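Chain lettering (A, B, C and D) follows the sequence in which the chains are written, and residue indices restart at 1 in each chain.
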Amino acid sequence: MAAAAPARAATLADRAIVAAGEAGGALILGLFLLAEDWRLITAVLVLCGAGFALLELRPAIEERIVAAFRRAPATALVLGAAIVLAYPFGMQGNSYALHLLVIALLYAVLALALNFQLGSANIPNFATGASYGIGAYASALLALEFGVSFWLTLPVAAAVATVFGFLLGFPSMRTRDTYLALVTIAFGIVVHQLLNNFDWTGGPNGLVGIPAPSILGHSFARPIVILGQRVPAQANFYYLALALVALAILAARRLHNSRVGLAWNALRGDELAARCQGIDVVWYKMLAFAVDAFLAAFAGSVYAAYVSYISPDNFTFLVSVTIMTMVIVGGMDNSFGVIVGAFLLTLLPEKLRIFSDYRLLFVGVVVILFLVLRPQGLFPQRPRSYGAS
Amino acid sequence: MAAPSPLLETRGLTMRFGGLVAVRGIDLALGSGEVLAVIGPNGAGKSTLFNLVSGLYRPSAGTVHLAGEDITGLPAHRIAARGIARTFQTSRLFGDLTVIDNVIIGMHARTRTGVLDALFRPRRARAELAAAAERAEALLGLVSPDLLARRHTLAGTLPQADRRRLELARALASGPRLIMLDEPSSGMDDRDTDALVEDIAMTMAERPGLSYIIIEHDMRLVAALPGQVVVIDYGEKIAEGPFAEIRRLPRVQEAYLGHKATHA
Amino acid sequence: MDALVLQYVMNWLVLGCIYALVALGFSLLFGVLNVIHFSHGDVVIVAPFVVLAVLQGLVAAMPAATAGALALALAAAILAVGILGVIADWLVIRRFRRAPAMMALVATVALGTVVRELIRMFYPQGSNPKPFPRLIEAQVALGGVTVPVFSLLAIAVSVAMMGLLFAMMRFTPLGLRIRAVAEDRATARLMAIRPGRIFAATFFVASAVGAIGAILFASYAGAVRFDFGIQLGLIGFSGAVIGGLGSMLGAILGSLLIAGIDVLVQATMAEGASYRLVFAFLLVILVLVLKPSGLLGRPAIEKV
Amino acid sequence: MSGILTRRRLVAAMALGAAVALAPVAVAQDKPKIKLGFIGPLSGGNAPQGLGARNGFLLAIEQANAGGYPYTVEGVVYDDASDPQTGVGAATKLVNDPDVVASIGHWNSSVALATIPVFDRFQMPVIIWGAISPKITEQNLPMVTRVTPTLVTENKPLAAWAVSGLGAKKIAIVADTSDYGTANAAAFGQFFAEAGGTVVSTDLLPVGTTDFRAVLTRIAGAGVDAIYFGGVITEAGLLRKQEGELGLTVPMIGISGFYDPEFIALAGPAAEGTMVSYPAAQSNPRLDKLDADYTARGFAEPSSPYTKYAYEAANILMAVIRDKGIEDKAALAAAIRAISYDGVLGTTTFDDHGQTQIPVEVIIKIVRNGEWVTRE
């Protein structure tokens, strides 16, 4: 008898809710991406705000939607995959919208990476930006200095960053909370300063002319043409980043629903009690740092190849704080929430360009409002279910 | 009735915090299947003793042996893996996780899945977790059918008595050789205490080989337990023996009942 | 003493003292509220702007009175920033009292952005650096070198403030109450202390002390810009943490240590200047690896 | 069911939003409309540079619109916040807008280096108005040209003058660790040594440094004839002020990066005697008129040293667009490189890498009585 709570078969209503949810989400996102008029952008934002207010006031609605997704996972997966794969073709050739999507997806990977730590294990880490940078630099240097193919630099860069992640995790053996937070802040600053000061990293000028990857002779710098439909070159990286997000989600799910995820959750809840259950907290903390660095490095490699130029300014303390904010605003230990957080905080500042000077001010105010009004995050953690699948 | 090599043996166990000596030269011996009650006034060093045995503190002097093996100063998770489980005076459940999550975490030392398994062999990892979930449910059913019914609620929302039971279930989940219960009755009324005595008696009947060390204040509970009683005051062992004898010793009455006069 | 060494030592002491005034705020707030107020640096840097604004207003009104105007401006700035700290708490920080520490951290980072942007946009020509007057221009001869009186003043003011703060915490009813709340909020409440008022008072004191630090900082640098608060806050925070949060003496020690390594590296290493942040923050990491709760912090023995 | 209900409301609201967005802004105009892009730091510590440049850009457009230009030009201004990623976002937004014909951009070299691949890939001519890293034109991307002299062209004559004119034998170099500072320090150091001087020390300090005393104390001990500073206004002002305080009386020199009244305001009386090299060709009647126009226009922000570059870049763009039309971007880019433009900077021509060839004959500007004057 290992059944989880709701194991009913999916009803037609469930499927309808799933379809409506996914299509609606895609539509709102598209509208937001393509909108140029400040009134429309404000309208979409107000709409989203109203939506969350509704969920806050009527938790039953949220429960119903979640239940529907749980009962109709196949529908959700197939429809979701179809939507995200076809998405670039719905952007009307708008390369700016595609660019925003690529950046948002990369930040989603970074936020998912940090979520292993911050969400699952409640270990503060203000150095995800540094791992992101280490990955980007490792990958770019390999490509530029040794002509290594992008696909090969990916795992190597990830390995390099993972080593640094373990190193950073080392102090976590003894330091905790605010003290550990400062260690990671310091690490991030040191990495940024060193990238800026060394000669072989290109100094403040960074690295120029990082080649775009290619696959089967198709360079990622060229537009995609399928059935006469032409989408801008950014779509290549959209799919690459998408694959990375899918990978990150898969890893997050598997780890979350395993002994490892439980151990992280345990040391989040009560480190001392966790130790008494036989959990080697030092190992699990360092592991969390390593996993974070590993995934962040992937995002870094893709970013370097996408923009073809990196400099230390891409990997500042502020970037780490932004990633941290994405996880907390999105909802700790909830992959979907974290992705929403990443999209929100990537797109919001871009879309607030219309408010020009007030942009940063608005972003700051919005973040504070989110934290105050929905402290558990947009999509809070949900209990595990056992034996359902 | 003591076994040739006792299950747990401490020799000269001592703990100093700066100038303060919390535990001084304590010798204990406990065989398989035995029960030991530890009593003494507040601040006598009982919990410190537990923390030394379970590896949360590293002793300033003295040794701890488990079934002949020296486990002095090992980190807590290693000691837990060797078969010593414990509960805490104020319950330390993982409140933001479900009841069943708590029990499965208790099995951490008995399960194997690592990161790579979780990532690349999901089937095996899932099977292990499913098996763990099944065992956890069985265990919950044993400790309390009521708890089993609430296995998907968050542990933080449980009432006091159920928390205590869940802690017991979590401790049992690791399949220990020795369970240390730190004041299981604290904060309970008489009815809950009676239920607790029943729970403990039942698990003892269910797992005959298991040893217990129980810190207790409630004399009714101590009286109901089989086995020896150790009295600690000012960090030192001042008496040892069956409860019926211990309670009559003047030094114990002075040390213990003197402090606890209001309660007694 | 060698004239150069004396210069370095003065430089170190002035910087260390200024950082310490900011660090003390972090430490005080953490000790009492268990909260990291990451926008502290941005809040206190408002002080020099208030000084400038008030000075300008006063000079426009009556061009004669300069010394009096300066005193008035300083007082106004300290008061205003003290109140600003209370407002920051009231608007944002108090909402995270029971939340996980990281939420307060992230929220206050966002709050810092807001404060910074508000200065930039609403102070006239807010993006530009503003020259900030030296409070005292005179110089004295000391051990063979001329030393600005300001440096001595900065050190004296800082030490006096530290002393005042210690005395306040130890001997005044307010200090006793603050310590009571820091020790045990629930018990303090039973003793008819209202934690809400104590929190406000703590924010006021921490921000006002930080404001003095920020004014000295601007005056020592010779200018103030809307984003100077970031680094001031970060270094003050680091000083407080490596000293051991909650320990006022630790905050001072930590700040002196960071200022010390900064000056030392720049003074002695050929390319030291470009690595000054690297060394400062490596020191931070090193201290925390060796002393996980900071130099004078209470070691975290957890009660079981 | 409630889920579906919400969804319906969503659609209604979206339709409403779309209707609002599409409401036409009916303006009767016979001239065709085009847009020109501008990117620069409009927020953050470098905002003064960016805002001054933006105003120059807008002023050029306003004057064109008022002066019988064949198109109605609209300026599209985006902030890059000195952040490469934000800059790439802005550049992508510009190239994506079919109405934007060409752009000018960037004060920070790191941002420019990040965005020029975007401009190049999406075929939009871009003129760099502020970023000075040699790497920008070294790549020789066809779409990219630059109206500012690189550091090399400004530092070389200054270094030669420092040795021969100023008579400095030993010099200490101070700069920040940004691209601007490091490149300046390297270029000046090289040229100064080539001219026969000795570089005693080179100190680069992280951006945001406000206290230079430790470095200055060491320099004071080394006994130098002058200090070269290769950074921008804030740090230059603080450095000079603190120099005076430490009794370091040797002159401070630099390139035009801090040739700004703001510097004098910051350094106060200590600014006296500070000398910078300044491209001589830049002083001409057109420039004086720009200054007058700028003042007359009443912008909220003061002009910056980059106002004229952005102004000139915009004018060059509009000049080639007038000739070549708006369709063929490659032709536009080629025309920019081929131009010989008479403007506020003098006569601008570009080399085969798109770098301006304005001859840099420098004059020395010095602070006297709280004002920048030409040193005779």
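Just so it is clear, a residue touches a chain if its C-beta (ideal position, glycine included) is under 8 Å from a C-beta of that chain, and two chains touch if they have at least 3 such contacts.
Since we're looking at a predicted model, the values are computed, not measured.
Once chain B is left out of the assembly, the remaining chains are all still joined by touching in one piece.
Of all chains, B has its CA centroid at the greatest distance from the CA centroid of chain C. Rounded to whole angstrom units, the spacing between the C-alpha centres of chain A and chain D is 35. Between chain B and chain D the centroid-to-centroid distance comes to 71 Å (mean Cα coordinates, whole Å). Among the residues of chain D, those touching two or more other chains are numbered 43, 177, 204, 206.
The residues of chain B that reach two or more other chains are 56, 88, listed in rising order.
Shown for chain A are the residues that touch two or more other chains, namely 193, 197, 272, 357, 360. Here chain D touches chain A in the complex through residues 1-4, 6-7, 10, 13-14, 16-18, 20-21, 42-43, 77-79, 81-86, 88-90, 92-93, 95-97, 108-111, 113-114, 117, 121-122, 133, 135, 139, 177-179, 181-183, 204, 206, going by the rule given at the top. Residues 4, 7-8, 11, 15, 117, 120, 125, 127-129, 131, 146, 148, 217, 220-223, 225, 227-228, 230-231, 262-263, 266-267, 270-274, 276-277 of chain C touch chain D in their complex. Against chain D, in their complex, chain A makes its touches with residues 13, 16-17, 20-21, 24, 27-28, 31, 35-37, 39-40, 43-44, 47, 51, 54, 58, 60-61, 64-65, 68, 94-97, 99-100, 103, 193, 196-197, 203-206, 208-209, 221, 233-234, 307-314, 349-350, 353, 356-357, 359-360. By the touch criterion stated above, chain D contacts chain C in their complex at residues 43-45, 47-48, 51, 177, 201-206, 208-211, 213-215, 217-218, 220-221, 233-234, 237-238, 241-242, 245-247, 262, 265-268, 301-302.
Listing the residues of chain A that touch chain B in their complex gives 1-2, 4-5, 251, 254-255, 257-263, 265-266, 268-270, 272-281, 287, 291, 381, 383-387, 389.
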